[in-house]
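After this come two complexes, each holding subunit A, first together with subunit B and then together with subunit C.
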Partner chain A sequence: MIGRVVRRLGSLLRGLPRRSLAASFGLLILVGFAAVMAARPIAWPHGPAQVDTAHILKAPSLRHPLGTDANGRDVAARVMDGTRYAFAVPLAAVLLGIVLGAPVGLIAGLVGGFADLLLRRLIMAVGFIPPLLLALALVAAMGPSLRHVVIAIGLLEAMFFARAMRAEVRAMHESGFIQGAVAMGNALPRLALLHLLPNTLARIAGEIPRRVAWALGTLAVMGFVGVGTAADSTEWGEMVREGVALMYAGPWWPAIFPGLALLLLGFGLQLLAAGISDLTGRRPAALGGAMGGVPH
Partner chain B sequence: MLLDVQDLRVERQSRAAVGMAPMPLALNGVSFRVVKGRILGMVGEHGAGKSLTASAILGLLQPEARVVGGRALFEGQDLLRMSDADLTRLRGARIGFVVQSGHTTLDPNTRVGAQLIRAQSVHRPIVMAEAVWRAETIMSSMGIVEPRLRARAWPHELTPSAVQRLVLALALINEPQLLIADEPTAGLDITTQVQILDLLYLELRRRRIGGIIITRDLGVVAQYCDDIAVMYAGQVVEQGPVPQVFARSAHPFTRALLASMPERLAIANGRTYGGPLPDAPDGCPYRPRCDEATERCGVAPPLVGAGVHAARCHFARIGAA
Partner chain C sequence: MDQPGRTILRLLGLAVFLSLVIVAISFLLIKLGNTPPLVLLGGPNPTPEVQAQLVGDYGLNQPAVIQFLRYAVRMLGGEFGRSWLTGEAVAGELFVRLPATVELMLYAVLLGALIGVPTGVAAAFNRGSAEDRVVRGGGLLGEAMPAFLLALLLLLVFFRWLELAPAPAGRISVVLTPPPTITGSYFIDSVLMQDSIATRSALAQLILPVTTLALLIGATLTLSVRGAILTQLQTAHFAYARAQGMSRELLTVIALRGAAPTIWAGANRQFAALLGTTAVVEFVFAWGGVGQYGLDAMVKADLPAVQGFILMTGAFALLVHALAGVVRRIARLRFTRA
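After this line comes the complex of A and B, so read on.
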């Protein structure tokens, strides 16, 4: 069973570059980050918190390829360590968004009427507030902590997924196989769980990397303005914030490298999203209405 | 009597119509019968109300349409007055329904064998081994070779013909007493159409299932149906056993349909059904296009004829040559 899954996955990956170069590159970037993150504790000579008092704010060199920060810590090690946040927080937030948002959208799309109207108006109203500000306000209200950052981003993702799910359910309701399932005598709950949920989720799946990228950016902004992760953590936004203060004095490396890592990972996610759109033949524009007020 | 539909009336509401003259009824007194073990062919132009009739009987009308009158007795129970839950229990179990463009009714993300098993579990708890056996049996009786292997296929891997066979298998797997098939062969090539219809015919006969085949092809009716109901503008204008209606059609519209039977020929000759669809005139709805219309046709015609063959026309002479 497991062997079969592995073999299928293997053949899927081998064929990928031919079918979508974008998806392959995106995946390569993600895998690269994951590999570096996993290998760092064994393979890298410096730790993220290891202070080298003899080398404070040293420019990139052979000893410290990305230089050292104001406390004499290796920037490369810290950037690699920050990958943990970059993966964990956005993924958790998007997962939370799906778990919270998808059922709401499913039910609203299925039941229609007042519940549907209420959801649409609510999301529209909240959509007028810039999402970044909203996320910041939520964290500020709950108190800064990593968990609250996940919840705040997750709530915004939930709005997206509720809306996208609702649109998909509405569109799918007209489709033949749902009508066929109704003609077969499927009652509503069974219809929702067995037919609508898997099929709509499959269609929304392509949006997930794009949503993860948005969550990643939001996390970094929160770090940059200083809410969320504890000060002095290796979260990239936080590192950029600390580095920017030094930049005016000359040392550019503590701010630029975590920023570049952020850019590269976000680029990888967007490539993957574009690749999935290519592969499934669904342009992101197809979800345009669903995306509405929540930018991505 | 398996299904007895009497005077079924369906209204379409539209927002624009509020405060305006009421829209004509989409179904204006549809009556027909299906006898156990016999196959009824339902024919008529696009928009005559064939599919709407099927949806109304099964409680599957779109929100903008609603039943405003009539009865649809299925084994003595009125389907139109049944609760949603009771209707849901009937659909797919005792009444099989192949919806229009049925080839899209397979779930794209589920293997076909699993769908056949799922279809059985909709209405009753199943024993897995038995459900699998049933699925394989019905696949082979639908002419699918190597059912065990094919059960593992995804819908997109199958030919249109195999998909349509599976759609029929899904409708038949719970052994319904009545099967309604709405254009079961639309979009298939001619040879496949014949194969599918042959299969459908054999299965209906073998299981003594009452069938309704909705079609626009009189050839299908001639070959596979016992009875015919001709629909025009939301009414059944003529019905009866196929040989009688074909040999001695009593309604001018039926005659026009039959006369145009090789359809392409009819269009080439400029002999279509006669002009555009009318705006619900008083009296006989077919009047504006009828070659034989007289002043009497300004009065709504009654159903003429008794017993099995009847037509809705003042001048219908049932039984005459």
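After this line comes the complex of A and C, so read on.
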């Protein structure tokens, strides 16, 4: 079973560059970041918290390719260390969003009627509040902690997945899939778990890169504004915030390099998302970049 | 078709429901906090008299539903409470900052449309060409671009290195007195006052924030215009128009007219998100608008200000959505009559 999955994945990856260059480049960027994150502790000479008092705010050089910050710490090591946040927080938030949102959307789509209308109107109403600002406000209200950051972003992702799931289930109503399954004698819970969930989740999975990109951008804004993430962490937005005052005075590298890492990873996710849209021939349900959000 | 009267009633009912949900969200924000409301309102050691008055004023001894209803009535009446930090009325603080935000967004949306629509149309008409790939890649890069990073990159190049742009310190040079408020836009007001120095300063301060926002809007718009036009190019009526040998300009007009509803709806859906992006840009440039006020309040956990801010942005987006719907209906009427 596992061998078959690995073989199928292998043949899928081999054929990918021919079928979608965008998706391949996107995937390459993601794998690159993961590899750098994994290799950093053994392969990089400097640690993220290691202070080099002889080299404070030094411009990029051979010794410190991305320069050093105001405490004499290696910016490159800190950017690489920050990859942990960039992967963990958005992935956790999107997972939370699927776990919370998909069942709600599934049930609403299946039951229809007033419950469905109420869910749609609720999501529509919340959608008028800029999702980025709502996520920040939630964290500001709950108090700063990484767990609250995940919850706040996850709740907004849940709205997206509830909406997307509901739309998929309604589409299955229209295709006659559900009526067919009911006619075959499936009870509703069995129908939902065995037939609808696998079929809809696979389609919703195509949206994941775009949602991860949105979560990543939101996390970075939280760090940049100073809501939620711990001061002096290596989260990229937080690193940019600490570098801004320095940038106006001269040394630009502590602010710009973590920002560029964020841009590159976000671009990789957008490429992957665009590639998936091309491959499946499905138009994206919502845009997910700096401007993107939860649609209404 | 149902009668217009019923449609209007249904839309009004929807608007009331949507507003109530938005109010409920902002109400929940304060309920989420783990600080007891008495401490938040009355300071660390409120006297018993102050406590009793606060409990009475805010209905703290009543069930949450009643508290919510009282809250909703106060909010819908435009009374947003007072900031915990400054003691100023939040509604007034937001109101004086509104012109700054509206001015920034207005110029950025206009410039963004000037960037986004032509490039999107050109890319769609030359699908697969090098031009199309550059536009599409640029659009995706713009989607992935964090607003604060683009702002900082522009500041690094044009303020720090080339010294062409002024420092990111608000809407007019700090050594100048702002013009008297006529429209609330420093630029327009100083033009009206025929103050050329203030005009030049206000204009210079506008350039980088407007460019930042316009590039981000342009990137999103390019992709949606490109997609909408591509769909139009595959329609039968477009193939017919092309077969008639119409000029490129006429074909563009035909495709744009067909794509307009899709583009309009897409732009409409993005408006709420644009308010978020605007807030971040304001924050970087210390713009002094509503967005910066809101983000500052979040950093300081000044929850009444955060509540008022969230409520106001939600209401603003709802209002724009309603107006866009009216425009769409009028446009459709005109098209069907023509």
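We adopt the following convention: the second predicted complex is superposed on the first by the 282 of 296 C-alpha atoms of A that agree within 3 Å, B and C clash if a C-alpha of one lies under 4 Å from a C-alpha of the other, contacts with A are read in each partner's own complex, and residues count from 1 in each chain.
In this section, a residue touches a chain if its C-beta (ideal position, glycine included) is under 8 Å from a C-beta of that chain, and two chains touch if they have at least 3 such contacts.
Note that the structure is predicted; figures quoted are calculated from it, not measured.
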{"item": "Joint occupancy of subunit A by subunit B and subunit C, clash or fit", "value": "fit"}
{"item": "Which of subunit B and subunit C A:Gly206 touches, first, second, both or neither", "value": "neither"}
{"item": "Partner chain(s) touched by A:Arg121 [first = subunit B, second = subunit C, both, neither]", "value": "second"}
{"item": "Subunit B versus subunit C as contact partner of A:Ala140, first or second or both or neither", "value": "second"}
{"item": "Partner chain in contact with A:Pro90 - subunit B first, subunit C second, else both or neither", "value": "neither"}
{"item": "First, second, both or neither for A:Ala274, with subunit B first and subunit C second", "value": "second"}
{"item": "Touching partner for A:Pro251 - first (subunit B), second (subunit C), both, neither", "value": "neither"}
{"item": "Partner chain in contact with A:Ala183 - subunit B first, subunit C second, else both or neither", "value": "first"}
{"item": "First (subunit B), second (subunit C), both or neither touched by A:Gly154", "value": "neither"}
{"item": "Winner by number of subunit A residues touched, once subunit B and subunit C are compared", "value": "C"}
{"item": "Overlay on chain A, subunit C to subunit B nearest C-alpha distance, Å", "value": "8"}
{"item": "Subunit B and subunit C footprints on subunit A, overlapping residues", "value": "none"}
{"item": "Complex contacts: residues of subunit C adjacent to subunit A", "value": "14, 17-18, 21-22, 25, 29-30, 32-34, 140-150, 152-153, 155-156, 159-160, 167, 216-217, 219-220, 223-224, 227, 269-270, 272-277, 279-280, 283, 294-295, 297-299, 301, 303, 306, 309-310, 313-315, 317-318, 321"}
{"item": "For the subunit A and subunit C complex, residues of the former touching the latter", "value": "121-122, 124-134, 136-143, 213, 217, 220-221, 224-227, 237, 240, 244, 247-248, 250, 252, 255-256, 259-260, 262-263, 266-267, 269-271, 274, 283, 286-293, 295-296"}
{"item": "Of all residues in subunit B, those that touch subunit A in their complex", "value": "58, 60, 85, 88-93, 97-99, 101-110, 118-119, 122-123, 167, 170-171"}
{"item": "Residues of subunit A touching subunit B in the complex", "value": "175-177, 179-187, 190, 194-195, 198-199, 202"}
